[in-house]
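What follows is a set of structures to go through.
The same subunit A turns up in both complexes below, where it pairs with subunit B and then with subunit C.
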Partner chain A sequence: MSWKYFELLALGAGVTAIISALAIVFGLAIAVPIAAASLARNRLLHRLGRSYISFFRGVPLLVQLMLLYYLLPGISINLPNTATAVVGLALCTAAYQAENLRGGFLNVAPGLVEAARMVGLGDRQILLHIRLPIAFRLVLPAIVNEAILILKSSSLVSVVGVSELTRMAQNLSTSTFKPLDMYTMAGLLYLLLNWSIAAGGLGLERALHWGRR
Partner chain B sequence: MSLDLDLMIHSIPAALRGAGITVVMWIGGGLVAFAIGFLVALARRYGGRWVRWGLAGPIEILRGTPFLIQLFLLYYGGPFIGLRLEPYEAGFLGTSIYGAAYFSEIIRAGFEAVPRGHVEAATVLGLTRTQTVARILVPEMTLLILPSSINMMIVLLKETAVLSIITVPELTLVVTAIGSAHFAFVEALLLLALVYWGIVEAASALGRGLEAGLARYRMV
Partner chain C sequence: MKNIVSGLAAGLFGLMLGAGALSGAANAEDALAKVKAAGELKVGTETQFAPFDFIDAGDHVGLNVDVFNEIGKELGVKIVWEDLPWESVLPGLDAGKFDIVAGPATITKARMEHYRFTVPIADATCAILKAAGDNSVQKPEDIAGKAIGAGKASSQMDQLKAYAATLKNVDIREYVDNSTAYADLAAGRIAGVANSLPNIAYVAAQRPDTFAVVEPPFGQKSYFGYVGRKDDDHKSLMDAIDQALVKMKHDGRLAAMEKKWFGLVFDTPDTVPAPNF
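Let's turn to the complex of A and B:
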């Protein structure tokens, strides 16, 4: 396979990495209020949070992406394809991340919260200094896992016309008649990206290990 | 945006055919995936070092690459190595292989979760390997792997939507075709989303029921 094709595929891999990274970050930002809603005592908020999580986890991502792609212009929101793709991926991953956050939040050891209350911290301080940091550390492995899933799922945005890795491999295999080479190469690049995420995640987990016995 | 009721009623037969194919790909592919996954897990447990290493690579690749890339490789790359498949065949085979990689990991973890002492006791009592697998490992791990297996089946159902991209006429392809033929894309996709949502919710409720019903047989 010539160098030129590899360069194009690597370019696609870059787009894939950027789209996935943006989706994970925005997804986390959306996930926080959703997790909070699903933990809320208010019944309406709780219902809303649960429904969001259930819908976005219950519908195939491909269908979500196509729906968004045709729905947005219909309500006169015109975004570039790439932005639509990021929004679609972020909305979906937010549901999974919210569920993880909720789990992490519920798994903060009660003794720690009680200890904080005993030393006189207020509710707000307990939330900011005890509950959230510990919950975040508990869900970090799940977030890394989710990043790998999103990286793989991002191949679906090729359908809405974003020139990421899968789309690039598709275009190259039609123009060169070498689908075996192109898709194998694309697969290897996905593996490489996933291994980088896994390695980065391990490093981050180790770096955040402070104060833990 | 108005929902065209007449159009929806006329599209029902075609949508049902598509749903039928989705179910075949999902349940059929899932069962084959589970069977292959079981054999792979057994081979990894008892096959010695070379088999273990030989299987770990493909599993890592299958779990680390997108399903769509695997399907493209199978459907468009296959003919170049003499593997000419119809979309149905490629879809079914692809789903089975993809699912097998995940099921083999689930089942492997299940085997490992069975307490070593139980397996050792079986060996001491003179049970053969086949007997140990059939009477100790499988019954004990069934309940352990139930939740993750149900979860995997739900993942597989959602993945079957991807088969539409290699033109398997399953639910997603049929419904989007109806939508584009009648310029009612959003309506069609909304309906499609609701149908999948319904099936997934029903499947997970069924799974929860199954788990609760079987919980009293829990041994480990």
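Let's turn to the complex of A and C:
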């Protein structure tokens, strides 16, 4: 396989990496208020949070991307294709990440919260120093898992006109008549990207090794 | 739960209605004026349709690229390409994501009800591509009793079906894209691929050891044109593009490009002819 093709696939991998990284970061940022809302005692907030999750988890990502792409121009919002891709991926992954966060929060042992209250910590202190750090450590593997899933799902964004890694491999395999070479290379590049996410996640876990010796 | 679902459904439905109602208002501007003001003409296409649009050694090339460069010169604007899977291309045109679709697409009755075609730029009559050295297929009717592939949702597929109905036992296989069909033909899984003559002539010329064209074409006479919107806002733009294309036909620029990409020059009319199907 010539160097030129490898360069183009690497370019596609770069697009995949940037779009996925933005989607993961924005997705997590959106997930925090959604998780908080779905945990809230206020009925309206709770319903809003649950509706968000049930919609974005219930509709296939491909359909969501199509809706964004074809609906938004109708209401005079004409996002560039890459922005449409990032927004679509972020909104979808936020629903899963919100559920991850909610699960982590619910799994903080009640005994710890009670003990904190016994020693005189206030609600705010309990949230910041007990519940959030423990919840975060509990959900880290699940968050990394979802980040890997969304990187792979980013192969769908070619439907909104973004030439990411999979699309690049498709285009090249039609013009070179060498699909096996192109898809093997694309697969290896995906593997490489996901290894870096996984390694980052493990590194973070080690850095936050509270209570693990 | 039921309330949430119905509320959500109503909300989504409302959004769609709103989008539909607003889309008319949002685009109520003259398309040619808009294109000239922006200084660029956005063209949607799929870069997997050699020799019209494809990636060669990493660059987007093909007849379309050459033709639109000239159209850009005539209109005084830059050409901006967008590559999408074919099934996303025409809906993208409807959603206003680009001004025109390159493709090109075969001019058919059904498509003319929804879209406005430019004047024809190439012959699109359907023919069969076979494996080089396959002596069992000498003329189109020899495909009786054999497996033949064509692109899903393509007008070539419709033509192949209509033609196969006049023969015995043609096993028709649908493919998501033509390249998969060519790959299956090269691998011997099928005996032929039906596609328009310019496309298969190009494929056979690229890989003469693997593929050959079965002469003559079997389909009804048809043409390729570029696809634009039919509404009044786009009339001026489509008229200007037609004018540029006719000018290119008369001064020999289009013929030179056809010679370059197909190895032959097609005789195409200056107006959109009434389609045969």
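Simple rule for what comes next: the second predicted complex is superposed on the first by the 210 of 213 C-alpha atoms of A that agree within 3 Å, B and C clash if a C-alpha of one lies under 4 Å from a C-alpha of the other, contacts with A are read in each partner's own complex, and residues count from 1 in each chain.
Basically, a contact is a pair of C-beta atoms (placed from the backbone, for glycine too) under 8 Å apart; a residue touches a chain by one contact, two chains touch by 3 or more.
All of these numbers come straight from a predicted model, not from anything done at the bench.
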TODO: Mind working out whether A:175 is in touch with subunit B, subunit C, both or neither, as first, second, both or neither?
DONE: second
Open item on the list: Let me test your reading of the model: by the given contact rule, A:63 touches which partner, first (subunit B), second (subunit C), both or neither?
Closed with: first
Open item on the list: Tell me the contact category for A:74 with respect to subunit B and subunit C: first, second, both or neither.
Closed with: both
- [ ] Could you tell me if A:190 is touching subunit B, subunit C, both of them or neither one (first, second, both, neither)?
- [x] first
Task: First, second, both or neither for A:42, with subunit B first and subunit C second - done: neither
TODO: Give one of first, second, both or neither to describe whether A:152 is in contact with subunit B, with subunit C, with both, or with none.
DONE: first
Open item on the list: Which partner chains sit in contact with A:163 here, subunit B, subunit C, both or neither? Use first/second/both/neither.
Closed with: second
Open item on the list: Just checking: does A:55 make contact with subunit B only, subunit C only, both, or neither of them? Give me first, second, both or neither.
Closed with: both
Task: Which superposed partner A:7 touches (first subunit B, second subunit C, both, neither) - done: second
TODO: Enumerate the residues of subunit A that count as touching subunit B in its complex and touching subunit C in the other.
DONE: 54-55, 66, 70-71, 74, 158-159, 170, 173, 179
TODO: Spell out the residues on subunit B that touch subunit A in their complex, using ranges where they run on.
DONE: 1, 60-61, 64-70, 72-73, 76-77, 80-81, 158-162, 164-165, 172, 176, 185-186, 189-190, 192-193, 196-197, 200-201
- [ ] Sort out for me which residues of subunit A touch subunit C in the complex.
- [x] 2, 4-5, 7-8, 47, 50-51, 54-55, 66, 69-71, 73-76, 78, 81, 158-161, 163, 167, 170-175, 177, 179
Open item on the list: Considering only the defined contacts, which subunit C positions touch subunit A in the complex?
Closed with: 4, 7-8, 15-16, 18-20, 22-23, 26, 44, 47-48, 50, 54-58, 82-85, 88, 91-92, 94-97, 177, 179, 182-183, 186, 207
TODO: Mind listing the subunit A positions that touch subunit B in their complex?
DONE: 54-55, 57-64, 66-67, 70-71, 74, 148, 152-156, 158-159, 166, 169-170, 173, 178-180, 183-184, 186-187, 190-191, 194-195
